[in-house]
Every structure is written in structure tokens, then in C-alpha cells.
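Order as written gives the chain letters A, B, C and D; numbering starts at 1 within each chain.
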Amino acid sequence: MPDFGAAHWYPQGPMRSGKPSPAGRFVQCQGCKKTLFATDFEANFKVCPYCSHHHRLNWSERIAYTFDEDSFQEMDADLVSSDPLAFPDYKPKHDAARSKTGMEDSVACGIARLIDMPVSVAVSDFHFMGGSMGSVAGEKVTRTLERGCDMRCPVIIFCASGGARMQEGLVSLMQMAKTTAAVERCRSHGIPYISVFTDPTMAGVLASYASVADVILAEPKALVGFAGARVSKQAQVVKAPDDFQQAEWVLRSGMLDRIVERRDMRSTLGELVRMLGAHLRQGAAVVA
Amino acid sequence: MAKSWREWMKELLHLEELITQMRATAARETDSHKAEELSQQIEAFEGRRKNIIKLIFSRLGAWEEVLLARADPRPYTLDYVNAIFTDFLELEGDRRFGTDHAIVAGPANLEGQPVMIVGHQKGRNLNERTFRNFAMAKPEGYRKAIRMFSMAERFRLPVVTFIDTPAADPGVESESRGISEAIAASMLSMFELTVPVVSVVIGEGGSGGAIGIAAANTVLMQEHAIYSVIPPEGCAAILWRDASKGNQAAAALKLTAKSALEMGLIDRILPEPEGGAYANPLEAAETVRAAITGSLQELSKMSPVKLKEHRYAKFRSMGVFSS
Amino acid sequence: MAKSWREWMKELLHLEELITQMRATAARETDSHKAEELSQQIEAFEGRRKNIIKLIFSRLGAWEEVLLARADPRPYTLDYVNAIFTDFLELEGDRRFGTDHAIVAGPANLEGQPVMIVGHQKGRNLNERTFRNFAMAKPEGYRKAIRMFSMAERFRLPVVTFIDTPAADPGVESESRGISEAIAASMLSMFELTVPVVSVVIGEGGSGGAIGIAAANTVLMQEHAIYSVIPPEGCAAILWRDASKGNQAAAALKLTAKSALEMGLIDRILPEPEGGAYANPLEAAETVRAAITGSLQELSKMSPVKLKEHRYAKFRSMGVFSS
Amino acid sequence: MPDFGAAHWYPQGPMRSGKPSPAGRFVQCQGCKKTLFATDFEANFKVCPYCSHHHRLNWSERIAYTFDEDSFQEMDADLVSSDPLAFPDYKPKHDAARSKTGMEDSVACGIARLIDMPVSVAVSDFHFMGGSMGSVAGEKVTRTLERGCDMRCPVIIFCASGGARMQEGLVSLMQMAKTTAAVERCRSHGIPYISVFTDPTMAGVLASYASVADVILAEPKALVGFAGARVSKQAQVVKAPDDFQQAEWVLRSGMLDRIVERRDMRSTLGELVRMLGAHLRQGAAVVA
């Protein structure tokens, strides 16, 4: 998994609380390097008012910015990785990520309400080992998709990942198949599934459940790609465009439905859930 | 640490060349006494060759398995197809953009019964390798595969896939045409199938490029094939900023058939002839044939609905965690 | 024979410009007597304008219908979408190669009920026209449409398509990415649907590019839209080696709404306001809205299976021959 | 419909008889212009032994070269166009085509056996008004596809057409939808449908039933395209390759399954029918 840039503005303390930073604190925009009031910055969904840079969010911020207040009920929070390969340095790295983020692994999932409509939700958090997908992330994404089928409600997954988790080896690779199988289940059950590509959405995650959603949204300038840009550009006859692997380029390449600014994400998702999920609320018969 | 199979096997390959030369000389020899002497020498060399092979194969590490899986004389998909099936009729085209020779596909007969074949295809010489893009499929390859899966479903053909790729093509063009979507959609279409699906990992099971056509009811893996989430060199480059530590990464990744079986991620290991599949391709093919036939017979007992559920349950159960 | 709507309407457009100017002058006039005079003049001009329109529309030939259908102030797909639906959320991408702005698509609400919209989109100025490629869709447009049809099926959304294209894009790139396959596959996916489908021909129903998204249960056609197997100029070029004889070809092709209805190839003509849809876009939109709503209500009485059969039977019956 | 080149070698007399030309007659190869013995030429499936040019066939030659001897039973031969638009000069042109070819319209269809397997077959004949598709061609293609569903046997259609028949106006355009609907029926009935692109396969035919076959074969160098080459190349930024719209280029573009030499067409079709149609012969249950 390549290094997608350090999260300079990452707030102190465990993320789980989701508490706003203390007033008066300053942050520096990662895009234009301007200094911003932390309170203004957070009121603006961590989007820079000057250059519109969409800063990475942790999972609880994402939930707070997107779903109805206090509607999120986390589920499967207790799943913990088992280090199936006894991979070098996996345990300490994993432990460090746990204490840094307060999460057990890179995905949080559960049910929530979006403009008063029930949804099954998963959010990948890049701050936990680059949002990588091992057994736990794969299981949570799968359960999120299955929950959509069971509860007959739409599924929304926010992606933020460097890819499959190397440290769980082939078990991680199989999470690509497992999660994609669950997407197929949604599809045959008539359950709308919307994925949102946030910065970055890469490799094994992009090449599995992320890309086979019914509707795919992306945040502006999110990095989206199969291979690290270095690998892609190596020994290529074709020159990569300047915005190669940026959401805008990915949209032009036909892989996205819309690029949505963070401030509009909630309303856009709401409209999609309302329209594509109408048949679920009406309890209409679904033809397989 | 040898970087390639040829480097690693230098001594053995030299010996084999020598034996070949001696055999040629012996065939020309008219003096019966000298011929006898030569024959004994050849026998001795053969014995030495067998001992070397025995020694090599008695202490294979993960990295040696990587080299074996990548060995260029190793049988490739079309070698198995030609040995096992009859009337293979290659079909091309993704009906979208182009044709992709890194994946071959089409119907063929297996003991008189038609099946649909999809597999990565490597090349042996420079021209072939270029033509096959080193078995690194582009979006078109996976979209061709989807077309074949769809036909297999409609025409009730069991599907057999052969896995042998270092990775999917990671280039700018592949990105621009959605290589990620193509891989994911290919897996998804496999999960839609209500016909039996058997996959055989015959060489390199390289990450997304491999699993893209390996979402099968039964996954078989040859003894000296590998299956990995990342190439060991890439893993080493990330872990230790040193791609040359591929051997350490290979061990850490547990990418051998034995490990995959122990972790319950494949169904069966297909033993290879002494010296590896390329030492006796026909014997290797016979083992593969018997395993495919056996697996399809087993699967044919399931109803269409059950086959789809079985595939789901199989992959659904993969993952190691506690709660 | 006028070559364009603007050329043909020169006199009327001039008169309308004059009226606009006089109205502006009248608004500035402070002398009540002079204002009264001006107002009478305007009224006279208005009367003349109406007479001209009446005259023009009383003797429309096929060629005039072609010019009207192509008139640049004529409401386009997004004009109707904005007037009739709420919350239209455009979705992009074919998930294969690119995005195509000659076809717009996405869900929207019609009187509170969600539907899926797909339609050709023209542009009004040079920039828009380039951006929309003159509403000539490439393979990506039809493949986006297929994706929308598939979602409509899974999420039980009625489909509404708007037809307004001179033709599908005939360029080298479109050929290389399979424009023919894309059109055919789009029609095929419409025939798979078990939800109601209504198509409205609002301007140019241009051959394959049009029928590619017009395989509907109910096909509505605006009074001054056209629907043709070939552009009249192209027909004239083949028939008489003279593309300028488009008017004769237009007559021969019977490409008007009236002819289409008489031949039983469309279900209903939607009357346009006096002077055509652009003379009163809101009235035109209201007629379209009512017709779509009415059609969907009718179709909603059919079961999913019946809807598919109905669509099949509808097109199955088209064709005139004896035996 | 553009002019795709006159058929210089078109044999005298009505085609229906399908009789071989009298011995001793010569023909000139349209590819290399060499003079060939007519008997040799026909024994070689009208493929030039020198340059391998595949000369156009009429429908009865195609049947004779492809299907089991005397197995073809023509059906719907009596369908005749009605000139629904009273289109200028349509009647005389149509009459001329009828007397030239002995056909009532551009498509012949029926049932046949291929290496002893039943198939539903249609053959388009370019010599009849450029193989154009009006009501009768559309109806015959549709019946051929429906017959495959009814008889539960594979469908094979040989295409050779300039496109939809202009002279029947919108009725012709609707044949695109009608025939494509019938392909969808085959698809949902599990009936294999193979189309063969012969020179030329264009426009409204290519953009309907021809391109949505399960398997698409083409004869070498067959012209295959949506628009006439002139139209395509007009005002294009992208330069067309030298073999633009030739079968070889179309294969590279991903639209074909195989290019098959005429001498191998029968055996290739036979293998496809045997393998893709096996489930029909076994009477296996088809999942919709």
C-alpha cells in the first residue's frame, strides 16, 4: 500500500468521541496552506473555504456530517483481527492504530437514518492502517450489505482505503470476493447500494465492492485508482493526464455518477435513497 | 537469493543440457563398447540429476515456490486446455473496446460434455509475452470473461477457469477504461451463476487479477503454484523499502498451496510430478483433468440455486477474526 | 426551400423583434396619447404576427415539419425534465470508457413518484452544442442508458425517455467502440424490462440513434416532431444524388407525427401550442406531462410480466406485408 | 444506403435454382483481377485461390455451402412487401430485384440441419436491393428467431445488408426494434444465436439483431460498419486506420468473436451449435 500522504491535521485523542476541537485552535489547510480557525473549519465540514480542499474525515465525523443526528447505531464494533499469518510487525502496527483511532479496525458499520429513512451504513477510516481491508473490514462491509437485504433498506458505504491489507495475505484477497458476493446479493434482492469514493479509494477495495455499486459518488479531487500512480505511469506509452486518478478524471472516464461536494453529500444521498429505495418503502414485489 | 527460476536452476539446467548432448553423441556412436560406456555415464548423470531434483524439492521455501510458479517452461493455460479438452473454440472480444490476449476464453468439450473455459495466458518467448501482455489482463479481458460467464449461464455450461497471472495490467489505459470495475464486475458475474464453476490456480495467482476470475465453487491449486494478495517484491518494497527482500516477504505472505489449504481458502492441492509440472506436463495435465472432472461431478449433484448459494457460503466464510 | 428554421421564419422573427422593440419604447413613453398610439400599433403588429403564424401552420409540409423539429428555440429534454419533474439527479458514466453528454439520465420524481429518465440533449449555443455533440450519442451514451434501464428494473422505477437526436454519432471513434452494438444492446435491454416504459419524441427522431432508447410500451410524439429511418438530406443524396432535395425526400419518407400515427407506429400525437412548442413551452410541457402521467397510469395496471409481453407484442406487430 | 460496389461476377439467371454455372465459364477475381475457371472457383466456395478474396454469395449458395445437403426447408417464402409509403420508384426497383434474384425479398429463412443438428436459419442476400431490411426482411428474421425458441434449437443468421430499407421509412426503422426484441426472446429462452457478418453488414442491420448475437463470426475482410466510411471519416480528429470497418479491424475493436474462412464456416458453426446448444438436446431445465 503506497503512502497517500500523512494526515497532518488529524485531531488529537481518540476519534470515537467525535467531539469538536476546542475553540481557538488553528489548523493549516492541506491544499492552500492557509491558516484556518478550527471551529470555522469544522463548521464547514472540514472543507477549506479558500481552496475548497476536502480534508480527510474520520469515521465519526463522516457519520455526523451525513446522517440524521444521533441516529447511527454502531454494530459489530467488537470484531477484532486475529493476525492469521503471524505477519511481521502486524500486531504492534494494529495495536498502534487501535490506540490512535479508538477503533478496532478500519471500518465502522451499523444502521442509521438519512432524512428519516433507514439505511445500512459502513464507513472506512483511512487513519486506521490506511483504511486497508482485512478480515474485519471485509466482514463488516459484508454484514452491512447483508443487513440491507435483511432489513430491506438501501446501503451506503463510504470508501477510504489503500486497498487490501497485505498483512492478512490471501485472507485479505478473499475479502474482495466475499464483499463482491454480498453486492451481488443486494443486486438480486433489489436493494440499492451507493458507494462514495473519498480520498483515497484504491486497489483491492476499488476492485471489489466499491466499483460495483448501483450509484457511485465521489468527493472532489479524491484519489481513485487501481495501482499507485507510479506503477501506472511506469513504462507507459500513453501519457497520464495531469489529473490522472483524481475524481474529476475518473468521472470523465465513465466510472463515476457524480462528484458531490461534502456540503451536498447528505442531500444527494437522501434524494438517491428516497428515489431508488421507494419500492422498498412501498413493499412492492421485486422481480428477481 | 536467486531472482529467477533459470538462475536458481542453473546447475540443473546445465546438467540436463549435458545429458541431452551425451544422448545425441551416444546415438551417433557406432562402437558398441564406447556406446556402452557413454550409456553408463548418462545413467550416472541422470542419477545425479534426480538427486539434485530430490534435494531441491525436499527443501523448497516460499521464495522457491514463487520461482517455480513463474518458471517459464511451466505448462500454461492453453497447454492444459489442449491436453485435457477437445474442440476448444476460442471466442474473442468484449463487445466494448477491444480484444485481450492475456485472457483466453471459449467453449470446449471435456469428455464429450461442453464446458466454458476462461483463463490467463502467458507467453514463452518475447513475441508471445508481448502478445499476451505477460498475462496481465486489461479491462477488456475481464469483460470478455463476463460475456463468457453469461453465455455459460444461459446455455448451462459448467465453467472452468485457469489462474496464472502476475497481476492485472496496471497501466494508464487500463485505469482509464476501469480495470477495477472490470475485475469487480467479473467476480460479481461469477456470483450470479447457477452452473458449476471450478478454478485451477496453475501458476501465479496474482492478487486482484487472479481473484477476478476465481470466484468458483471449487478452487484447486497445483502443488507449486502460488496465490497472493500482493507480489512478494511489492510487499518487500512497502515493508522494508527493499524489493530485493522478496524471499522474506514470500515467507511472510504464506502464498504457497499448502498455506492456502491450511487456511481453508482453497479446496484441494493437485500434486505435481517430481521436478514440477514442466518435468512431466502430461502427468500434470492428467492430475488436473481428473480433479476438474471429479469436482464437476461433485458439483453437478447440486441444483442451480444451490450452486449459487454454495459459492456464496464458501466465500462468505472466509476471514479470521474474533469478537 | 429554406434550409433552416431561422431562414424560413426570417419574416416572423423580424416582426417579433420589432414588437419587442416597440414594447420597450412604449414602456419608456410618458406622453399618454403617444403611448396609446404605440399600443394600438403593437396590437396591430401582434395581429399580423398571429396571422402569419396561422398561415404558416395551416400549410406545413413535411419539410417544414423537419425545420420545426430542428428549430433551435424548441424545448429540449432538460427543459421538459425541469418543467415536469422534480429532484432530477443526473447520473453519469457508462462504467466502461467515458461519459456522454448527448444523453442525460437519472432518477427524478413525477408527482411524487420516482421514475428513471433517459433522453437525448441538444445544445442552444456553440459551446453547448459542442458539449452535447449535437445530441449525437456515442456508445457511452447508450451504455449509460443500459445502466439506467437495469437500475429501473431492479428498483421498479417506470422509465421515461425523450427522443431528440439527428442520429447517433457516426465517427471513427464511435465505430471503434461499437456504436452499433451499443444501440442494439440498449434496445435489447429495454425489451428485458418489466416496468412501464414511455418514450416521447420531442424533436428529431433520427434513425438508429432514436430507436436505441425508444423501445417503449407507449410512444408519444409531439405534433411537430419528426421520426425517420434516415435524414431527408441523406435520403435525397442517395435517391437523387442531390442532398438539397431534402424537401422532396421529407415528403416521400412520411416522417411526420401524423403519418407515424396513421401507420400505427406511435400511440398518440401530443398537440403543440399555436406557433409550436417554443411559442409556449409551459403549455407544451403541460401537455407532455399529462400524457406521460396518463400513459404511466394506464401501464401501471399491467403486471410486470405483462408489461414485457405488451412491449414485445407492440413492436412484433409492426411491418406491412402480404403473403 | 451507400453503394458497396457492384457484383460483377453475379451469375446469370434466377438464383433460386442454385445450379452450378456451366463448365468452361470464366470469372474474374474481384480482389486480384486474375481470371479463374468458374468450376474451380465454385468448388473453392467462390474464394479466390490466389488472393483469398471471399466473393459475395447469394442466399442459395450460402445455404448449399453451409448446411447439410438438401436439409434446408424454406419457410415464409411468400411474404411480399406492400410499399407502405408509396415511395418513389420503390415498386419498379423492388420488381427488378425480384426478377433479378428470383427472391420475393432480401432474406430467405427456414429450418435446416447442420452436421445433423436442427437449426433455425436466415440468410440475407445483398443482391436483393443491397440486402436492405424492410418489413419482410424484419419479419423473416423475427420469425427465424422465434422459430428457434419454439423448436428449441439454435439460430444462425447470415447478415449481408446495407442497412434498413429507406423506401419503407419508419416501418423499416421499427424492424430494428422488432428483430432485437426477438433476440431478447432467444436470450431469455436460453436459445443460442450466432450471427455471421458477411460483406457488407452495415447500419440498421448491424445496429440491431446482428450485433446482439451470443457469438459473432465474420468472413475475412467483410465490410462492417454503422455509417458509410465517408461519413465516419468526415471531420474526424481521429484518423481511421487503413483497414477501418474491415472484419480484421472490427475484431481488434472487440466486436467479433472470430474471423472464419468460408471453408471452415460449416465446421465452426457446427462446433458452436453442438457445444452451446447441448442443453437443448439434453432437454435440461433452463433458468430464466
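One rule holds for everything that comes next: contacts are C-beta pairs under 8 Å (C-beta built on N, C-alpha and C of every residue); 3 or more make two chains touch, one makes a residue touch a chain.
Owing to the predicted nature of the structure, the values given are computational and were not obtained by experimental measurement.
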Farthest chain relative to subunit B (centres taken as mean CA coordinates): C
Dist(centroid_CA(subunit A), centroid_CA(subunit D)) in Å evaluates to 51
CA centroids of subunit B and subunit C: separation to the nearest Å works out as 54
If you average the CA atoms of subunit B and of subunit D, how far apart do the two points sit, in angstrom? 41
Which residue numbers or ranges of subunit C touch two or more of the other chains? 95-97, 176-178, 181, 185
In subunit A, residues with contacts to at least two other chains: 187, 211, 253-255
With chains as vertices joined when they touch, what's the shape: line, ring, star, complete or other? other
Pairwise touch list, complete, is A-B, A-C, B-C, B-D, C-D
Give every residue of subunit C touching subunit B within the complex, in rising order. 95-97, 139, 143, 176-178, 181, 185
Give the list of subunit D residues in touch with subunit C in this complex. 1-2, 76, 78-82, 84-85, 87-89, 135-136, 138-139, 142, 164-166, 168-178, 180-185, 187-188, 203-204, 206-212, 225-227, 231-233, 236, 238-240, 244-245, 253-255
If you look only at subunit D, which of its residues touch subunit B in the complex? 187, 190, 192, 211, 214-216, 251-258, 268, 271-272, 274-279, 284-287
Subunit C residues touching subunit A in their complex are 87, 89-99, 107-109, 113-114, 140, 144, 151, 153-157, 194, 304
Parts of subunit C lying in touch with subunit D, wherever the complex brings them together: 168, 170-181, 183-185, 187-188, 191-192, 207-208, 210-212, 214-215, 227-230, 235, 238-239, 252-255, 259-260, 263, 265, 311-312, 315-316, 318-323
